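Here it is, the structure, as structure tokens.
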Amino acid sequence: MNGIPISHILFVSTALFFIGIYGMFTRRNLITMLMAIELMLNSVNINFVVFNKYLWPGKLDGVFFTIFIITIAAAEAAVAIAIIINLYRNHQSIDVEDAVELKH
Amino acid sequence: MNLNLIIIIPLLTSIAVLFCKGLKQVRMISLIGAAIQLILSFVLLYAYWQERAAGNTSTFIFEYNVAWYAPLHINYHIGIDGISMAMILLTSFIVLTGVLVSWKMPARTSGGEMLSKEFFFLLLFLGVGAYGFFISLDLFTLFFFLELAVIPKFLLIGIWGSGKKEYSAMKLALMLMGGSALVFVGLAGLFFNTNTGDGTHTFDILQIAQMHIPVEVQKLFFPFAFIGFGVFGALFPFHTWVPDGHSSAPTAASMFLAGISMKLGGYGCLRVATFLMPDAAHYYSWIIIVVSCIAILYGAFATMMQTDLKYINAYSSVSHCGFVLLGIGILTQTALVGAVMQMVSHGLMTALFFACIGMIYDRTHTRQMSELGGLLKVMPFISTTFVIAGLCSLGLPGFSGFVAEVTVFMGSWEQTDVFYKIATIVACASIVVTAVYILRTIGKAILGPLEKNQYSLLKDAGWHEKWAASLLIIGIVAIGVVPFWLNHLIGPGAETIMSNIKNVTIIK
Amino acid sequence: MNYSEYISLILLLPLAGFVLLGLFGKKLFKQSSGMIGVLVLLISTVLSLYTAYQYFFVNGKLNDVYQTIIPVKYTWLQFASGTSIDMGITLDPIAVMMLVVVTFVSLMVHIFSLGYMKGEKRFSTYYSFLSLFTFSMLGLVVASNIFQIYIFWELVGISSYLLIGFYFDRPSAVAASKKAFIITRFADLCFLIGILILAFEGGTLDFNTLIHRLTDTQSSQYISITTASFLGVSVLTWALTLVFIGGAGKSAMFPLHVWLPDAMEGPTPVSALIHAATMVVAGVYLVARLFPVFSINEASLYIVTWIGAISAILAAIVACTQTDIKRVLAYSTMSQIGYMMFALGVAHLGGESGLGYTASMFHLFTHAFFKSLLFLCAGAVIHLIHSNEMNDMGGLRKYMPVTHITFLVACLAIAGVPPLSGFFSKEEVLLAAFHSNKLIYGIALFTSGLTAFYMFRLYFSIFWNKSKSLDTHAHEGTFSMKLPLIVLSICTLLAGFIPFGNFISSDGKNLELPFLLNFSIAPVLFALTGIVVAMRMYKKENNLPHRVAASLGGLYKAAYRKFYIDEIYLFITKKIIFNLIGRPAAWIDKNIVDGTMNGIAYGTGKVSHWIKGIQSGKVQGYALYFFSGIIVLAILVIYFWK
Amino acid sequence: MWSDYLQLIKAEGLVAIIMFILLFLKLGKKERNTESLLHFINVLLVINFISGFFFNAEGTLFGDMFQTNSLLSLEKNILNLGTLIISLQSFQWLKGHKHILEFYMLLLSTLLGMFFMISSNNLLMFYLGLELSTIPLAALANFDLEKRTSSEAAMKLILSSAFSSGLLLFGISMLYGATGTLNYQELSQQLTGTPLQILSFVMFAAGFGFKFSAVPFHLWTADVYEGSPVAVTSYLSVISKGAILFVFVSVLYRVFQNISVVWYNLLFILSVLTMFIGNLFALRQQNMKRFLAFSSVAQVGFILIGITGQSAAGSASVIYFILIYIFSNLGAFGVVSLVSAVTGKETVNDYKGFYKNNRMLSWVLAISLFSLAGIPPTAGFFGKFFLLLAGAGKTSSSGWQLNYILITIAALNMVISLYYYLRIIKAIFMDKNDNPVEKVKSTFSPNLSFIICVAGILVTGFASSAYDYIFSLVK
Amino acid sequence: MTASQIIFYFIAAFILGCGLLAMTTRKIFRSAVWLLFSLIGVSALYFWLQVEFLAAVQIVVYVGGIVVLIIFSVFLTQQSGKEMPKAPLTRTISSILAVLFGFAFTYSLIYKTNFQTANANFDADVSRIGTQMLNTGDQGFALPFEVVSILLLAAMIGCIVIAMKSSSHLPKEKSTVSKPEL
């Protein structure tokens, strides 16, 4: 379809996924970590849509999954941001390395 | 006779203790409960003889078998043969004397409280575990009771003990749990290699004994079961909990530990490892013998260098329990009888020993041999008891130790291989070393001039202590002077085990 | 009366006495326990005398051969079929003789102790111990089963232990009792192993069956025990040697004799009973009991002979130098038992060649009387002087005439002066030795000279020598103390005339003891020389002994220090067993075995500490682990572990 | 038709109804007596729990997305029970909290999520249930609003869970790509075990592993447990973990049975790692909550062994163990929660000499710890025994007797775990303390919860009926 | 190469480039903007894939909702111009290695998998989606829809409780974490 092999699209999504993971590992700012997670979820969304469209077009499972993921991502982001703001209130910082009282 | 009573009565007693108020009530209830249990044991013995006399030749009598966890083929199955009967008698003796010895509850917790209720509860509860273990005919039930008897020991030692009690309690609990962990693997392996004919497995000892477990399986799981139980029975080199555990425990707990707990191991080795996996028992027999000979001699030599009375008895227990394992390793009927006799004998004797040490410690507040001396003068009863315990320990005829040891020795003579004889002779050598340390102990602690002047004010044993000691002495002498009843009691049980062993095609 | 109706009473009465006095003596029989003990023993003695009469004169013989009669026997502990420990009573000549000796001497000691131990705090305990000992000793001598003998052997040992350590607040007594027990225990170990071997090869524990099987050259047991060998020595030799070691331990034979002199820490009557007349001859008795088996094994007999001979001369030499009167007597005992031992060793089964056997038993018999007499006299002396040291004594003949006379009788007897009992028995021993081994004979002869010397050295030092002034009210002691002395001295005087060979011989048949007048010249001469020398040196206070001692130099010193055997023992036990075995064992247990267990615990804790960095508290680190975990696990399960 | 719907979805419906009741209460009057409010809520939860026994039906709904049967109802009710106990236990803490109703609403929404997760027959529903049971929990973890550690914990929880659900989703998407379906039954037939499927399975399993704290996916656990309010911690450690394990068992057994070799090996590694790491960390902990966190990590290792059994006995023993685990862990957490709420003391050292003034609480804690350690006669012994027995019953496909190696390791790990449980026992009963915790006054609700827990611990093991019932359902 | 292909590669490059920049740039506000672009790129990809409804949802929810939320929170919590601290070098390197390896591994597996493209027609118009969304029967997503609604409710409650400024602002407590010991 469109002459693009599915593996190329999957390359994009996988790469995006790992970019997200990379961000998760290296960004010390909590909000950017959240962004990294959004990237990961987006890559998964692409996967679902592509699989649905290219491989299993009979049902709309992939698309619906994507819709729900987007919704949940929103909810998750909201809660996460609320927590981060609360953390900021308590710690005066949103650097992840500043919140390491709990360890070992 | 309903065998369940044997578990229910101590259980009820221990629960009743929890509802008591004050030391007086607690100890009276404990005493009554333990005394009833002792009487019950004798009634059971009588019933057992009656049943046998009536011609009941089944291996186990008073069986009671109900499904417990049916999907897992776990039954609550109890029953006794002569060996269990002997162990029940032993246990009831020691529980009662343990209660008597703890009458005044001299050992306080580190917080300075008596906590008498808890103490007697744990003591009696420990008895439940031991009784249950000895009458179990289902591996699960057996294992259940085996583990049941671990934690009360931990608490008894840790709370009411002396010296480095926490360390000892922890060591004991961990090593025993390690042992039972191995036992568990052995049991599980055994379980999944049984076949009741319809493709299901069973935990039932009687059924497993009838099956022929594949030899390879036996070889694989025998070490687990044997070492696991061996840890309880002070198998070299897994005996190191013994000295520390015994020496830190309060008197009654020491008595229990050495008198019963270590027997759990011996009994388990016999009933589970050897009985159910006879091929492997043959296969590993030489290792067991070598290890137990090491334990016997090495334990004895190690005892020689100890200065703390409890350590002396603890190490000597290692040495004496070596005879139990030796008897099991030799794999002849006489030796098995000897092993069981040694269990009973050592149980009584070592309990007596610990009781004496406890009484001495209560009065002099020391267990160091160098700080004792001349006690015979001020407390003749305790000292005499101590001497009797010592003499029993060194295998003097007329006391139980001799009978048991000689039976083990004679047992090895039924094996034709020279190896068994040399091992036995090596084990025999321990009687000299035993004499050395026992006499050294007696000579230093009991005889000689009075070590400290303030000792001259010490009082001799009270009535409860006298009763405790007398009961144990009666037991020891009853076996030592007229051993044949015990022999008759144990004999058929050992024969059952032997019949399994004899069917083995010997593999070398 | 049939034996079985009363024979057990001989044993059970002392046992009952022990239990009664042991449990209730302190409370109920504080004063009367002595009398109870004596009464019990009296009945026993009468019964054994009656038994002896019955056996020797009424019904012991069948076809002119003394039979072994087992009137009582029951199974005590059954092992496999055929092997069981039985408790039984055997009557044969030596057992009956021993019954008489043991009960009689014990009775004497019981009586003597009435006076000697009077006022002791633990009077009843003492009597209960004595009864226990008597019971055990009697059980030993009548044993019908080799394990029975072992059981009573041990009981005898423990009663000896208890009695030696009777004065438990004396450290030396405690040490002595411990030493005695441990050394004999070591010997017992060998005995036990010997028993086990015999039992295994013989397939039984019963004496008669065992002896029968092992002496019947056709039996499979005989063939197997003589052909099997271990380390190049036949199993029979091993077994017998081990059994003999057991006997040697109890009988204080070289080199296991070191406990005996120390055992004199016990009350003197006890020494008379246990360490002179009865227990110490148990070894001899054991060899005699198994004599048919010994006699078919030259090697073990050879060992018996030489150990006996060496002990005899060694002890005699040491005895000459000791100053503690009880120790002198102890060494003398050892020496005399050496006599008995080698007499057995040179004997053979049957007829004339069995002379040594009869001689040995004869000497045992007479020795029991005069040695217990000597000890009791020494007891009387010590009772008076409150010291064991020869130097504290002297000139006591004035104060204690009865003791003096009886002591003299006993000395003459042990020295072998005719016509006292010792002369006859020793004569036979020497004769037996002469017939079989001249070297042994020489040693024996020399020993008899030494015996005379040291006994009279003792005699003169106590009763003559320097005159000592004692309190006027010093007296010999009560009637109860004198009576046994008199009775025993009469026995000593008369026992020699018993035609011993008629009763006891290696094969149960009649053996006419030879008595050769010209043969006895040499020993008597030696004895007289000894006496004369002793008289010269010790009758009056002078410094001759010192001069002699000085001139002997090293030999004297060595003998005085008992040839350093105690030191050697100390070295072995303290340095080798304690330091090289005990201490390392304890160390290994604490550091290596226990250390491993603790090490595991410590290691676990350490690992737990090392890996705490994983839990860094940083979410990114967690995510990294999470992710790496997935990748590693995926690679593992995809490629490596399918 | 409607009654069928109602009956099938009864458990979820009830929880939702309670949620809405609370919501209306919140919207209504401002000031309320907190204690009576709490009692009211507890009564609601009791009703919820009791109703779980009745009117249970079997069937599927919503085009096969939702299914229920007696086993699932039982699982849900086990969670109901746990929630009830936690609610009773947090009485003391909630009494002083401003947001009681929000707390319960969030709590119940997560419970609802778990119910959907358990009943899901579809990866989408599973995912939604998972998120519904996670996101509100993160908010709950932050409920000690003024506490630094609480917000830190919440942050860690939400970030970690988002990350893990990212990976989980990636796995699901790949599974979807490979099979074209989200339905369990269809999925199980489509799986062939290609490397990509295995990778996606591992990612998928890691998502589970994150929720039930299997090493190496467990790292958030201790931090979050320590930082969160005790009630939330116990909820996390018991309910949330139990629910995901229920699901895990059924997913593995039903959906991934084609690649059972793969997941057996995976579980082998995971359980060994989990037991060891959990134990080794638990050894050193000083904070009770953190200690219990690691101990619960280690417990998961044992549960995984039960799962490896791959048999009816396996899943029955897992469910049975979780029931027992609820009693035991909540018994322990209950005491910790009470003590922490009253005195603020949370470390092991604070518990030294605890027995002096608090006899009953000490015994409750001790019995719970013994049960966790698997000591008879507590139910924990039975639970662990059956788990390991189930693990041992797996017939080994390779030459190595893997199943026995696994249970040997597990059995030895039980020894290590015993050490740290006994360490607490030692502190309570044996150690001296000049200044022990004063007598903690306990009110009706916590006491009731303790009675339930202790009775559960003591009875569940002896009375085989619980296990028999579960087994009959599993079969 | 068709236009469609060119467009795809352009979109792909745009998504990845923006995503990478979003994850690497040191300024947080820029990072958020790059994220925004990346998400728009994804939405473009959906357009390209002819899933217009999703593309719309993507823009509405992500671009209009989440990113705005993020930017707000950025303003709330710190200055936008400030440079973010860098992660430690070891962490960066190990992350890069792990990610690269993970990517190579994952993609190699994907690449090797032979996805069989289906030939059936793919129809994702809004009416179909709408019908299925509220359908309770087969192919219906009513239940997930309800579940998500509860999730949103819960999230809302959670956010309110947490983010609501508490009336009594207690002084900042000290760290109460006890250090583990062994």
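Letters A, B, C, D and E mark the chains as written, and numbering starts fresh at 1 in each.
In this section, a contact is a pair of C-beta atoms (placed from the backbone, for glycine too) under 8 Å apart; a residue touches a chain by one contact, two chains touch by 3 or more.
Worth saying up front: this structure is predicted, and the values here are computed from it rather than measured.
Trainee: Among the remaining chains, which ones contact both chain B and chain E?
Mentor: C, D
Trainee: Quickly list, by label, the chains bordering both chain D and chain E.
Mentor: Chains in contact with chain D as well as chain E: A, C.
Trainee: Applying the document's contact definition, name the chain pair with more C-beta pairs in contact, A-C or B-C.
Mentor: Here the pair linked by more C-beta pairs in contact is B-C.
Trainee: Taking each chain's centre as the mean of its C-alpha atoms, give the chain farthest from chain A.
Mentor: Checked the centroid distances; the maximum from chain A is C.
Trainee: Looking at C-alpha means, what's the farthest chain from chain D?
Mentor: C
Trainee: Whose C-alpha centre lies nearest the centre of all protein C-alpha atoms?
Mentor: When every chain is reduced to its C-alpha mean, the one closest to the whole-protein mean is B.
Trainee: How many angstrom lie between the CA centroids of chain C and chain D, rounded to a whole number?
Mentor: Inter-chain centre distance comes to 76 Å.
Trainee: Can you work out the whole-Å distance between the CA centroids of chain B and chain D?
Mentor: 41
Trainee: Can you check how far apart chain A and chain D are, centre to centre, with Cα atoms defining each centre and the answer in Å?
Mentor: Going by mean C-alpha positions, chain A sits 27 Å from chain D.
Trainee: Find the geometric centre of each of chain A and chain E from their Cα atoms only, then give the gap between the two centres in Å, rounded to an integer.
Mentor: So the centre of chain A lies 4 Å away from the centre of chain E.
Trainee: Mark out which residues of chain E touch at least two other chains, giving numbers and ranges.
Mentor: In chain E, the residues touching two or more other chains are 87, 91, 95, 98, 102, 105-106, 110, 115, 139, 141, 144, 148, 151, 155, 158-159, 162, 172, 175, 177, 179-180, 182.
Trainee: Listing for chain B: what residues touch at least two other chains?
Mentor: Residue numbers touching two or more other chains: 174.
Trainee: List, in ascending order, every residue of chain C touching at least 2 other chains.
Mentor: Answer for chain C, listing residues that touch two or more other chains: 601, 605, 608-609, 612, 615, 617, 619-621, 623-624, 627-628, 634.
Trainee: Per the touch rule above, enumerate the chain pairs that touch, sorted by label.
Mentor: A-C, A-D, A-E, B-C, B-D, C-D, C-E, D-E
Trainee: Report the residues of chain C in contact with chain E in the complex, numbered from low to high.
Mentor: 605, 608-609, 612, 620-621, 624, 627-628, 631, 634-635
Trainee: What does chain C use to touch chain A in their complex?
Mentor: Checking each residue of chain C against chain A gives 612, 615-620, 623-624, 627.
Trainee: Residue numbers of chain E touching chain D in their complex, please.
Mentor: These residues of chain E touch chain D: 105-106, 109-110, 112-113, 115, 135-144, 147-148, 150-151, 153-155, 157-162, 166, 170, 172-173, 175-182.
Trainee: Would you pull the chain D residues touching chain E in the complex into a rising list?
Mentor: Within the complex, chain D touches chain E at residues 16, 19, 61-66, 98-99, 102, 105-106, 109-110, 112-113, 116, 124-125, 128-129, 131-132, 135-136, 138-140, 142-143, 145-149, 154, 174, 177-178, 194-196, 199, 226, 283-287, 290, 346-347.
Trainee: Spell out the part of chain B that touches chain D in their complex, as residue ranges.
Mentor: It is residues 68-72, 74, 109-111, 113, 140, 143-145, 147-148, 150-151, 154-155, 158-159, 165-166, 169-170, 173-174, 177-178, 181-182, 184-185, 188-189, 191-192, 220, 224 of chain B that touch chain D.
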